[in-house]
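Take a look at the structure below.
Note that the chains take the letters A, B, C, D, E, F, G and H in the order they are written out, and that residue 1 is the start of every chain.
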Amino acid sequence: VDQDETRRLLAAVAGGSLGVEAALDRLAAGPLQGYADLGFARVDLHRGLRTGDPEVVYAEGKTPAETVAIVTALREQGSERATLVTRAAAATVAALARSFPGELTEDGPTVVVGPLPAPRGTVGVLAAGTSDGPVAGEAVLTARAFGAGVERVTDVGVAGLHRLLAARPVLDRADCLVVVAGMEGALPSVVGGLVGTPIVAVPTSVGYGASFGGLAALLGMLTSCAPGVAVCNIDNGFGAGVFAARVARRVAG
Amino acid sequence: VDQDETRRLLAAVAGGSLGVEAALDRLAAGPLQGYADLGFARVDLHRGLRTGDPEVVYAEGKTPAETVAIVTALREQGSERATLVTRAAAATVAALARSFPGELTEDGPTVVVGPLPAPRGTVGVLAAGTSDGPVAGEAVLTARAFGAGVERVTDVGVAGLHRLLAARPVLDRADCLVVVAGMEGALPSVVGGLVGTPIVAVPTSVGYGASFGGLAALLGMLTSCAPGVAVCNIDNGFGAGVFAARVARRVAG
Amino acid sequence: VDQDETRRLLAAVAGGSLGVEAALDRLAAGPLQGYADLGFARVDLHRGLRTGDPEVVYAEGKTPAETVAIVTALREQGSERATLVTRAAAATVAALARSFPGELTEDGPTVVVGPLPAPRGTVGVLAAGTSDGPVAGEAVLTARAFGAGVERVTDVGVAGLHRLLAARPVLDRADCLVVVAGMEGALPSVVGGLVGTPIVAVPTSVGYGASFGGLAALLGMLTSCAPGVAVCNIDNGFGAGVFAARVARRVAG
Amino acid sequence: VDQDETRRLLAAVAGGSLGVEAALDRLAAGPLQGYADLGFARVDLHRGLRTGDPEVVYAEGKTPAETVAIVTALREQGSERATLVTRAAAATVAALARSFPGELTEDGPTVVVGPLPAPRGTVGVLAAGTSDGPVAGEAVLTARAFGAGVERVTDVGVAGLHRLLAARPVLDRADCLVVVAGMEGALPSVVGGLVGTPIVAVPTSVGYGASFGGLAALLGMLTSCAPGVAVCNIDNGFGAGVFAARVARRVAG
Amino acid sequence: VDQDETRRLLAAVAGGSLGVEAALDRLAAGPLQGYADLGFARVDLHRGLRTGDPEVVYAEGKTPAETVAIVTALREQGSERATLVTRAAAATVAALARSFPGELTEDGPTVVVGPLPAPRGTVGVLAAGTSDGPVAGEAVLTARAFGAGVERVTDVGVAGLHRLLAARPVLDRADCLVVVAGMEGALPSVVGGLVGTPIVAVPTSVGYGASFGGLAALLGMLTSCAPGVAVCNIDNGFGAGVFAARVARRVAG
Amino acid sequence: VDQDETRRLLAAVAGGSLGVEAALDRLAAGPLQGYADLGFARVDLHRGLRTGDPEVVYAEGKTPAETVAIVTALREQGSERATLVTRAAAATVAALARSFPGELTEDGPTVVVGPLPAPRGTVGVLAAGTSDGPVAGEAVLTARAFGAGVERVTDVGVAGLHRLLAARPVLDRADCLVVVAGMEGALPSVVGGLVGTPIVAVPTSVGYGASFGGLAALLGMLTSCAPGVAVCNIDNGFGAGVFAARVARRVAG
Amino acid sequence: VDQDETRRLLAAVAGGSLGVEAALDRLAAGPLQGYADLGFARVDLHRGLRTGDPEVVYAEGKTPAETVAIVTALREQGSERATLVTRAAAATVAALARSFPGELTEDGPTVVVGPLPAPRGTVGVLAAGTSDGPVAGEAVLTARAFGAGVERVTDVGVAGLHRLLAARPVLDRADCLVVVAGMEGALPSVVGGLVGTPIVAVPTSVGYGASFGGLAALLGMLTSCAPGVAVCNIDNGFGAGVFAARVARRVAG
Amino acid sequence: VDQDETRRLLAAVAGGSLGVEAALDRLAAGPLQGYADLGFARVDLHRGLRTGDPEVVYAEGKTPAETVAIVTALREQGSERATLVTRAAAATVAALARSFPGELTEDGPTVVVGPLPAPRGTVGVLAAGTSDGPVAGEAVLTARAFGAGVERVTDVGVAGLHRLLAARPVLDRADCLVVVAGMEGALPSVVGGLVGTPIVAVPTSVGYGASFGGLAALLGMLTSCAPGVAVCNIDNGFGAGVFAARVARRVAG
């Protein structure tokens, strides 16, 4: 994976400073150096190097102590990069605040530990309704943690087109759009008819009855008649934020 | 059900011209007079009287001969009312044309036998895409057969809003709208944000993959964020046409 | 959207009292005047003008304070129109009562703030079982708030046909029917065989097992063998009330 | 399983005419005597003795030759009992007619080979629409083959209640009812409100769109608000006929 | 519906003691006499006469007070017939016990108020696992309330066939079997291979993961390879008990 | 079932020490000896003899007292074999600990009562993420209770391949692999491309939105492009542990 | 929409060369100029100007003649831009070839009419299996038509990781990746663990049984444990190609 | 991956016969040597070495020519190992027979090219019904091609238990069982109650209506109450054969 390290190893073999069997062990063990074994979790320390993004901790189903331990292990690798924690219960957010005083940026259950990176490029995050706000918030903070600038527009559902049209300048400025909507999830189709910007659609579980926990919005977005729409999992503001930030950063060069 | 007939019967009992047991039999047998038993089908002859609409023959799964026989039985009750035949295969349409020369109005598999009624009120029928045309056609001809006038607009999907906005006068004139769309089925939501006209939404099976035979459009329409949208079965242009015609006729008074 | 306003603007340009760039800005900004930006929500102030209906606040997922703030913004636009709040938790209802003393009409979680409009036309609301009552109640109060008169019949399920037949006069009087049923949702089909009135069917989540949260009733209503039945989302008494009121008002002229 | 045979075997052991190991083998092999191994199928010869019903051959997915071979094996066991063949393609029906001339009773793809038993008790079979006829036909012929008398009523859907009410005498006479319906499948609920007879409901795949191949009718019947309704698989006229015949025969004593 | 009552009415008309219009009103109002309007519910007082079964109160979603009021209305019609209450919460059971001291027979959430009828015929109730017990209990008490005798066998799943085979005498004695099973729901198929008794299968929501709340058992029972199996809704011990009791009573003559 | 016992019985008949009818009774009653009837459950005492595995108690839906009673009945049959209790609530675990002091091995809700058997063969248990740990734990303790040795690897998801590759020696050593994963469930496919060991895949309900309670992982594993993957129910660590232990023990000879 | 055009119009009003009402008509009619009404379809002529992409014709469900007419209308607007036709039947491809000789680039049912644009940026298209080829081909040709360069890698499924690892240079070079896979759809997760490039995942309907027409792959991709994965509809190579080309073009600047 | 090859390479570096950069290239290129690039497919040549199994060609969706080309490429690597082709259309089987005369073993659409390996261990394959035969056949021939001996039992459904009990010796002899069943898929549960052998269950698409293409059987097997059952995809006889052969070979040692 890391060609330079392998080159040095091979040079050591060529130079006789490293035996064949030892080199064999090192090559086999190589990947082991990429994570820290905490017993209950193997923390991937090299992902940032591989992908250019920070490690992320999905806090749902983990105890506050486990989450803090994982974040601590990551922070010890180098505190200049931010660590993003998503779906953190209140107790977990509090535990992080105690462990990392003055280092947190919070948006409800989404938390960044450490300094936010300088923004490169612009992600536009649109939410169809007030109830879609938390998912949009997850996308906003994620995109910031992954290095993009963010502009946010709320409550621009398709049943009141003039509100959406008023947000046209934001749509035009963005390098990538995240469009969050529940219920029938029609917003990405309408936005996709207005602009040629790549659109990452996020269905939310907002709704009831035949929305089936976000299924209606999910299917609607997948079958959008507007091209240039790709879809993330229901309520997955995080995934959309990552995707959009990667696009925006690349466009910014 | 028919109070006049029952009143005459009771008067006959009171007058002694009809015995108690005979009256009892007549009351019990009353409903039997409402249909013609063709062996393979019981044709409901009184529905028109009950509901103000013509009888309809759903031709799918019936042989041409069966369909012709049913239509003939209905036409013999009184040829002034039109008979609507839906989902007729080409062979069935041909058989009807042979049996009722000069009496057919056709729109693909939808056929009206007999004179179309004078239009009362206006139904607007919108279709999102070219492929939704046949379902829209079924709605158009059905609404005409059920006594309403119809205005039709085609190919006004949400990904090109200006085409929809150009149809605004039709939206404003209609007493009831039928909005037909496949794929994500977002059109009724957008139309519902523009006008206060009652909207009957018809999902179509146009699409592929996650449209699951029209399920995506169906769920999208059911969970529309715009109020005043009610939904018919997938591809059910007939049901929407009946519903809208009934509304339009009532509004016309 | 508003042609008079645009006409005045153009006249000002023609008259020289308004510059080209200023007019351009005003045309672009036009839609912005249609809503009030509350920070957490964009309240659509012009919807009533566009659609003839009051704004509605869907309270589920909003805090009592947010709901009160939205209602207040709407009420400040002109208190002569009623504001409808649906799915309000008890705390939200209480907060509204404190903020708008003497102005509330309540039916469980459905609340109208301000005076109910004079009734035009008649909506008949039928519920199949006692358990369907809350959804029927939402339809009843919604139809009233949207300007129609309402007649309500409860507990007329298909397994006891004589109860339904006894409600025949209501069925005949109504300009539009809302038929609410859970479990197998057969009531709209039976009613649709009795009368030619447009029927808005509302499946409810009443039931268990294979009712799958209202799916059985939903599918049953969508595939009804009676024409003239259109369907709203599961438990969506609100949507059915809006739809039916719009029909009834139009029929009343 | 067969106590008499086992008693004789044990008596032979007690009498010394059968050794212990031989008896052990015979006990183990016992079940083997219950079927004929045709290579491609093990024909169960004792089922009739166990359950009081004839063997049935489900012809779908079998070649005409295979079906004829299985029927022949069964007929050779004793021709006094009828053999029922369901879902037979035309070629299979023709092959059976060649192999068993003069012995067939046919109803489309349902065929009885051999004499029909004398009827005991009465099964009423109702079909909601003309299109449900083939499934009703399978139920009718199956119930006859399984020993019950049958009365059949067709085209009595819920959207025309007077047709159903006219069939009341049949409903009252039957020992068990089979009610066949597609689309929303509401007929069993209405019938169940009229009579206290056990009702076996059969959903059919008649319909389109949200009927999802009979799923709507199936769910509707399972969640019927009328007690005393049990449901068979979609299009399973056979299973309903077996069930109803068993009830009717038992009631007849 | 009630021919004797109608005969008396007609005789009164013939005798002149009743005018035509008055008779017309009485005929129209006739069905109204069949229920008591409690405001929140229309209690069907004539169902017992129509179907031979007692009225049943489904207590889920009703308050204790509502349930007691309905039961009281029913008991006042004549206390010789039992009233069955199902899915009663503990508070409802307690309220019933206070209102009808000494008159309750309870099995968890299933309650009978009033004397149980003398048993006619025999229903066998089998449950596959311990966890299926409550559903089986609902079937047992329902069948008793509807007039049948009951034999109950528990914990006879297909993974231990010898336990099932030991229950063979019960299987043979029963006039109708209720077979209750969760998870894969295979028990009815195996029982159906052993006996020719009509089998009412009840899937339960026991299980997890791919049992999807009883869906796996439901589909399994519907597609059973054994004929003579009909299926009730998931967890619907009540419906199965009604069905089986009706069969058993008829067989008993 | 038990040939030796039957042989002795037959010998007794042959020797005259047992009469024919008594032997018949004994043969019929044989299966009855295989379980203990506790009233609320029939405990299968012979399963171990039949299958080579201990009895297992699925504690979900059982009271602590019921679970303890069942375990006690099993332990009284012979304490040398372990008893496995799964899905035990904390109160049930505590009750078991009180009843069987010093005899418990616990892993959260999974408990073994009595001595663990000596390990034969090796099962490798892999979990994709930290959140999948409890299901993996159920598999680990089950496989041990069923007689296999176990090696466990945690947190080796496909998004960090080097962690998986580092576990290669475990993959190579195992006689059978249990691979536990939620979300998209891709791990078994990747492992199946690396080794030829039989893989039992266990989807977990870890995830949200379109994971639909484990459905996404379940479908993914069932459609794996790698051959040699068989799948257990969602979250069914127990079933996978049993399966893998049986394979491992057989391989160990 | 088009500010320059509006500015000119307003200047004409200010200058008196255009009357107020005429300007009002022009503003209202503006959107009408954006499409050509072909009777059976409204061709959107301005989409390219709005979104920077060519018009696309989805040929499924259109006759060859209709498709040719639409393409002709588009080509007449200016032949320098390519027109993309997808899902064209063989007859449609032939008709296009006859109408536009020497202007077609074909990849099975995907056709470009007119010159391909110069490539900007690089899209990498990966397909898991040979059977996924057609969907990958649609993505490849679409991305080219939308202005990006493309590199294609085939048959790199997760069950043979070394084939995927060998494609690493392509993964590293691409500005955006399209990853196409059927069956369990695990490939995007594995690729997402290797690189930080935005990944557009396309599930295909390749598979059988529990793949349910691509549903398994769709759910798997939506729930991918790797961030930075967004998903298109099943078999929607077109949508993925559009999305990826837009990203790549923006990155290229 | 291949340690010996890597050891030799490192030794060459140590010995100076291979330069560092050349070794680096070789290490990087290593995986490339594992497949043959045929243009339309990358044939994995090393899978056999990695997993101990032959390469398999899934012929569905491939042309006869493509299938023959892939098989030829594989056979050229060394003809001593068999090549398995599944789901081959008749034309593909014929093309293979022409290309590899005298080398084919066929079972319908399943074909082995080249000599079958000597059998190690025993796989028992059971099919519930005649219609399940083709899937069972795929399992049988696959298991043979993967090196196991096979015993096959057909038509042993749960509705005739004595046929299954007669097959007991096969159940007892097998090292691993493949149990194939459609409809309700109950057979694995019953077999799992009889023996402690690992059971690989294969649901088939045999059935109709609520079997939903094998879904009923699939869910039934996944939720089996018998432990030790793992499940393959619907109709996936191949996967089950591979799995079972791997178990059987390992047990045989």
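Observations on the structure shown:
In this text, a residue touches a chain if its C-beta (ideal position, glycine included) is under 8 Å from a C-beta of that chain, and two chains touch if they have at least 3 such contacts.
Bear in mind that the values here come from a model prediction, so they are computed numbers and not experimental data.
Of the chain pairs D-E, F-G or D-H, the one whose interface repeats that of C-E, sharing more than half of its contact pairs by residue number, is D-H. Centre-to-centre spacing of chain B and chain F amounts to 59 Å, using the average Cα coordinate of each chain. Here the spacing of chain D and chain F, counted between their Cα centres, is 40 Å.
With each centre defined as the average position of its C-alpha atoms, the distance from chain A to chain G rounds to 26 Å. With touch defined as above, residues shared between interfaces to two or more other chains in chain A number as follows: 160-161, 194, 209-211, 218, 222-224, 233-234.
Chain pairs that touch one another, listed by label: A-B, A-C, A-F, A-G, A-H, B-C, B-D, B-E, B-G, C-D, C-E, C-G, D-E, D-F, D-H, E-F, E-H, F-G, F-H, G-H. Those residues of chain E whose C-beta lies close enough to touch chain D in the complex are 50-53, 56, 175-176, 194-198, 200, 218, 222-223, 227-234, 238-240, 242-243, 246-247, 250-251, 253.
Interface of chain F with chain A (complex): residues 130-131, 133, 154-156, 160-163, 165-166, 206, 208-211. Within the complex formed with chain F, the chain A residues making contact are 1, 29-32, 34-35, 40-42, 44, 46-47, 58, 60-62, 66, 203, 205, 213-214, 218, 233-236.
For chain E in complex with chain H, the residues that touch the partner chain are 128-129, 157-161, 183-186, 189-190, 192-194, 207, 209-212, 215-226.
Chain contact summary for the complex, chain A toward chain H: residues 3, 6-7, 10-11, 13-14, 16, 19-21, 23-24, 27.
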